[in-house]
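If you scroll down you'll find the structure; I have some questions about it.
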Amino acid sequence: MTRDITLSQAVNEAIAEEMRRDETVILIGEDVAEAGTPFKVLSGLVEEFGTDRVIDTPIAEPGFMGIAVGAAMTGLRPIVDLMFGDFLYLVMDQLCNQAAKTHYMSGGKLNVPLVLRTNLGATRRSAAQHSQSLHALVAHIPGLKVAMPSSAYEAKGLLKAAIRDDNPVVIFEDKLMYQDKAPVPEEEYLLPLGEAAILREGPEVTLIGTSSMRQVCEKAAEILEADGIGAEVVDPRTLVPLDEGTILGSVRKTSRAIVVDEGHQNFGVTAEIAARISEKAFYYLDAPVIRMGAMDVPVPFSPALEDLTVPTPEGVAANARALVRGVPVHAP
Amino acid sequence: MPRDKQANAEAYLRMYRQMVRIRAFEDNANQLYLNAKMPGLTHMYSGQEAVAVGICEALTDEDRITSTHRGHGHCLAKGAELKLMFCELLGKEEGYCRGKGGSMHIADQAHGNLGANAIVGGSAGIATGAALSAKRLGRNYVTVCFFGDGATAQGLWYEVMNMAALWKLPVIYACENNGYSEYTSTDEVVAGSLTARAEAFGIEAHQVDGQDVLAVNKCSTELAERCRRGEGPFFMELETYRYHGHHVGDINRDYYRSKEEEARWKADRDPIINFGRWLLSEGVATKKELVAIDSEIGDEAAAAVEYALAAPYPDAIEVDMHVFKGVEHALPYMSGARQ
Amino acid sequence: MPHEVRMPQLGMVQDSGVIVAWLKRNGDPVTAGDPIFEVETDKATMEVAAATDGYLSGVKAAEGDDVPVGDLIAMIVEAEGDVETASTGAPLAEPEDVAVVEATRRPDPESEKQPPPAPLERAMPKSVASGRVLASPKARRIATERGIDLHQLRTQGVAEPIHVADLDAAFAVGGNSLLSAVVDPTVFDEILDRSRTADRTKLLAAFAAGAWRATFDVSSVSVAIKDLDGRREIVANPDQGGAGDPEDPVLTLFDLCGTRINGYVPMGGGVTLCVARSAAGYGLLLAFAESRLALSGAVALVEEIAARVENPLLQLL
C-alpha cells in the first residue's frame, strides 16, 4: 500500500523510524529541535526523541560536523543537518579530511557511520550563497558515499539505507522539492545505495537526471514523445557508488545520452558520467554525450537571470531532438 | 616498603619506562630517517615525554585520546607496541594501520587511541564528539584531546569548546605548549593567554609544568575523575619543549631557535633525567636498576626496528581496501559492482 | 606573382614534416586562409593555410612524403591558365574524376516545420574535403563490421558527421558502387559533327537502353534523362525509336558533355549513368547498388555501353 506524502514528510518518517529502531541514532545541527529546520522537515522529532537525541547546536558548522565525526567513531550514528548545501565549504576539513579518510588511514580499524543531510537547488531566489548544488565536491572524495534522492520515495528509502550504512554518507535533498508529493509505501523499505532506476523506457536517447533533474528529464521525455521520439530516463539515485551497469546498458541500447544535473557543468557530475559513458560505451555511441549542468556562473538573484542557469525540460528535449536527428549540438 | 608506597613505586617506574620507551622510539625513528630507511618525514616527540606519559598514566584503556602529527608519544603512552609502530612508520603491512596511515595517522583502537591527525587542530571536534558519545551512551570514559600551541589559532577548537561547555562533556583539552608553532615562536602567534581563552567559555583551566611527569599525572588524574563525575570539560596548558625541529628534516633552525636554548632545556629540564634523579633520591630505584631499564628498552627498540625493516609491505591488492567499511574493494564498488 | 608554398617550421626542434593529406588539389582555386594541406610534426597534426589567393599549382610532394622544413612543395599562381601540372602522384590520385558535389542533408520535413531550438548550434562542417570522415563511434564501428567505406559514403554526398541512420540508409539501397571507363571519341565525334540532326543525349540514351537490353535480355527498357538543372524526362525504348509507353526507368542518364562536371551520383539508389567528355575521350561512370545489380552485370553493361559509344554502328546490330 502506498500513499502520497511530501518529500519533507518522507525524510521525517525515515529519521523517526530509524531513531525508533536504533538508540544510537542522533540528530545534530542548527535549529533541528523545536524549530525543525527552516524547511520544517524535522518538526515533531524533538517531541518524540527529546533534546538528548535531537541536538540543537550553535551556528558552528565545522564544530558540530567535527563532533559528529568523533561521535560516529565512538558508537553513535549521527545524522548531521547542514541547513544549506552552500555551507559544505565550512565543513570540508571535518568531512573530507577526517570523516572520509578515517577508515582508510586507520587500516580499517575505525569507521565513521554518519549521515550528512543537506540540500541543493536553485530558483528559490536565494542568490549565490544559498542556492548552490555542490554534490560534485564531495563525490570527488574517496571514502564518502553520495545520494541524490529524486522524489519522496527515493528520499525515504535512500536516507534509511544511509543511516544504516557504516560509512559517511552525504545525502542531498532538493530544497524546492520538499513539498512535492509522491507515492511512498506504508510498509518499511530501503533503497540500496548504488542502484539506479530506469523510470521510463525508450529506444532512441537516454536522459540521465539526478535529483530534481530527473523530473526535468521526465518532462523532456514527454515533450519528445509528442515528437515521436522515445526517450529513456535513468535516475542514478547515488553518485557514489554509481550504478554504471544500468547507465551503460541504457546507453548501449539507445546510442545517445544526455546527462542532466544541477551542479555546475564544468568539472562536474555531468562531466564524470559523460566521461564514463564515453570510456565504456564509446563504440555504441551514435552521437556525442551531451552534458547539461547548471550554468557556470554564481547563482544570480534576479528571477530573470536565475531561471536561465538551470536546465529545463525544453532545453533537454531540444538537445535530444537534435541528437536523434543527427544534428550536432556542437559543431564538429 | 609499605604496600601503597610499593604500588606507587610501580607506577613511578612504569612512568619512567614509558618515557624512556618514547625517547628510544624517537631516537630510532630519527636514525631511520637520517639513514634514508623511512619513507617521508616524521615529527619527533622527544622532550615532551612527561606530558603524554603523565596524562595517559591517568587514563584507562577505555578512555579515549586524539593525537597530533607529533603523536608517537601519545600513542606509546596509551599502550601501543614498538614493533607495530615501527612497522607503521615504515609502511609495512603489520603496522597499526596496515601501512595506510604512517607516522601522522597511527590509530590504536584497542587502547582508546582514536588516531593522530595531520591537520593542526583537526581532532578537536573528534575528541569532543567522543565525549558526546560517552555522555549520550552513558559510558564513563574520558576523552583527552592533545594538541599543540599552534592549534590554538584554529577556529574549530573554540567552536567545540563552546559546545563542550554548554553540554558539560567529559573532555580534557590538553595543550602542549612547546614554544613553537612549526617554525615560529609561539609568542609571535598567540595573543593574550591560552588559559584565559578556555576560561572565556567557563571552562576551568590549569597550567602545569609539562616537564614534570608527576605534576602532569596528578593534575590529569584529578581532572579525569572530575570529568567522570560530570564536571568537565577542562583545559590544561602544559609547558614543554621539543628537542628536534618541527620535523626530522628541520635541522638548520637557528633562524627561529638558538642552539643554546635547546642545550639549556636538555641540560636542566629533561623530563627523563630529572625524573630518574627523583626516583634515585626517593629510593624508588637504584642507579643500576635505571640503567638496566634504559638498556632493556634500548634493546627492545633495536629489535623492533630490525623486525620492522624485515617485515613485508602490504600486497598491492590492498590499495583499494578499507576505503569503505563493509566493502572489500572500493574501485569496482564505486562503479556500481554489487557487493 | 606566384607564391611559394614551403614546408613550414611548426615546432622548435622540427626538421621535417609529413604531408598527411592534401586538402586542395593541383589546379584548385584557393583563398588566403584556406587550409591546403595537413602536416604532421613530432607533436601534432596541423593544417597549413594558403597565404594568398590563386590556384594551387605544381604540387611536388605526395601524401605521406616527409619533406624537410623550408622545401618548396607547391606554388599558388594568380591565373588558372598558369597552373602547372603536379610532379607527384599524390593529389592526382583522385577518385575516378567523380565531382564531389556540395554535400547537402536529406530534406527533413520535420525540421522545416519547426525553427531550430535556440541554444543549438546547427553549423555543419564547412567542407568535407579533409582527410578524415566525421562519423559517430558507433557508425564507425558498424561500418567496419559491415565493410562499408565511409569515404565512399562521403563521395556519395552523405552529410557528415555520419550516423548509424546514414549507414542504414546507404545500406538499404546497397550503397553505390562506381564503375568508370574512358572511350575513344573519334567515331562518335565524327558522327555528331557530320549530322545536323543527331541528338547526342538521345543517342546516348539509345546506347544505354540497347546495352541494357543486350546485357539483361529484356523486352522493354525505359531510361530517365536528367540534367543538373533538375529537368527529367523518361523515354521508352530509346534504342527502338521511343516505341511504347514509358515505364519505370532502368537507369538515369546524365549527359554531362559540355560541362566541367565529370560525374554525379545522386542519393537514393538506382542505377545512374554519367557521360562526360574530356580530353581523354568519353568518360562513362556507372553508379549502382550491388544489392540490386551484381558487379558482373554492371561490368557487362558498361562494356556494352562503351562499345556502342566507341562504334555506334554496333547499336544497329
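Brief remarks follow.
Chains here go by letter, A, B and C, matching the order in which they are written, and residues are numbered from 1 within each.
To be clear about the criterion, a residue touches a chain if its C-beta (ideal position, glycine included) is under 8 Å from a C-beta of that chain, and two chains touch if they have at least 3 such contacts.
Quick caveat: nothing in here was measured; it's all calculated off a predicted structure.
Distance from per-chain Cα centroids to the pooled protein Cα centroid is smallest for A. The most distant chain from chain A, with centres taken as the mean of CA atoms, is C.
Centre-to-centre separation of chain A and chain B, using mean CA positions: 40 Å. Chain A and chain C have CA centres that are 55 Å apart. One finds 82 Å separating the Cα centroids of chain B and chain C.
Taken residue by residue, chain C touches two or more other chains at no position, since every residue touches fewer. Looking at chain B, no residue sits in touch with two or more other chains.
For chain A in complex with chain B, the residues that touch the partner chain are 24, 26, 52-53, 57-58, 60, 62-76, 78, 93-94, 97-98, 102-111, 113, 142-143, 145, 165-167, 194, 196, 240-246, 276.
Within the complex formed with chain C, the chain A residues making contact are 227, 255, 282-287, 314-315, 318-319, 321-322, 325-332. Across the interface of their complex, chain A is touched by residues 64, 66, 95-101, 105, 107-109, 114-115, 117, 119, 122-134, 136-137, 139, 143, 155-156, 159-160, 162-163, 166, 321-326, 330, 333-338 of chain B. Note for the complex: chain C touches chain A at residues 108, 110-111, 116-125, 134, 136-139, 141, 160-161, 163-166.
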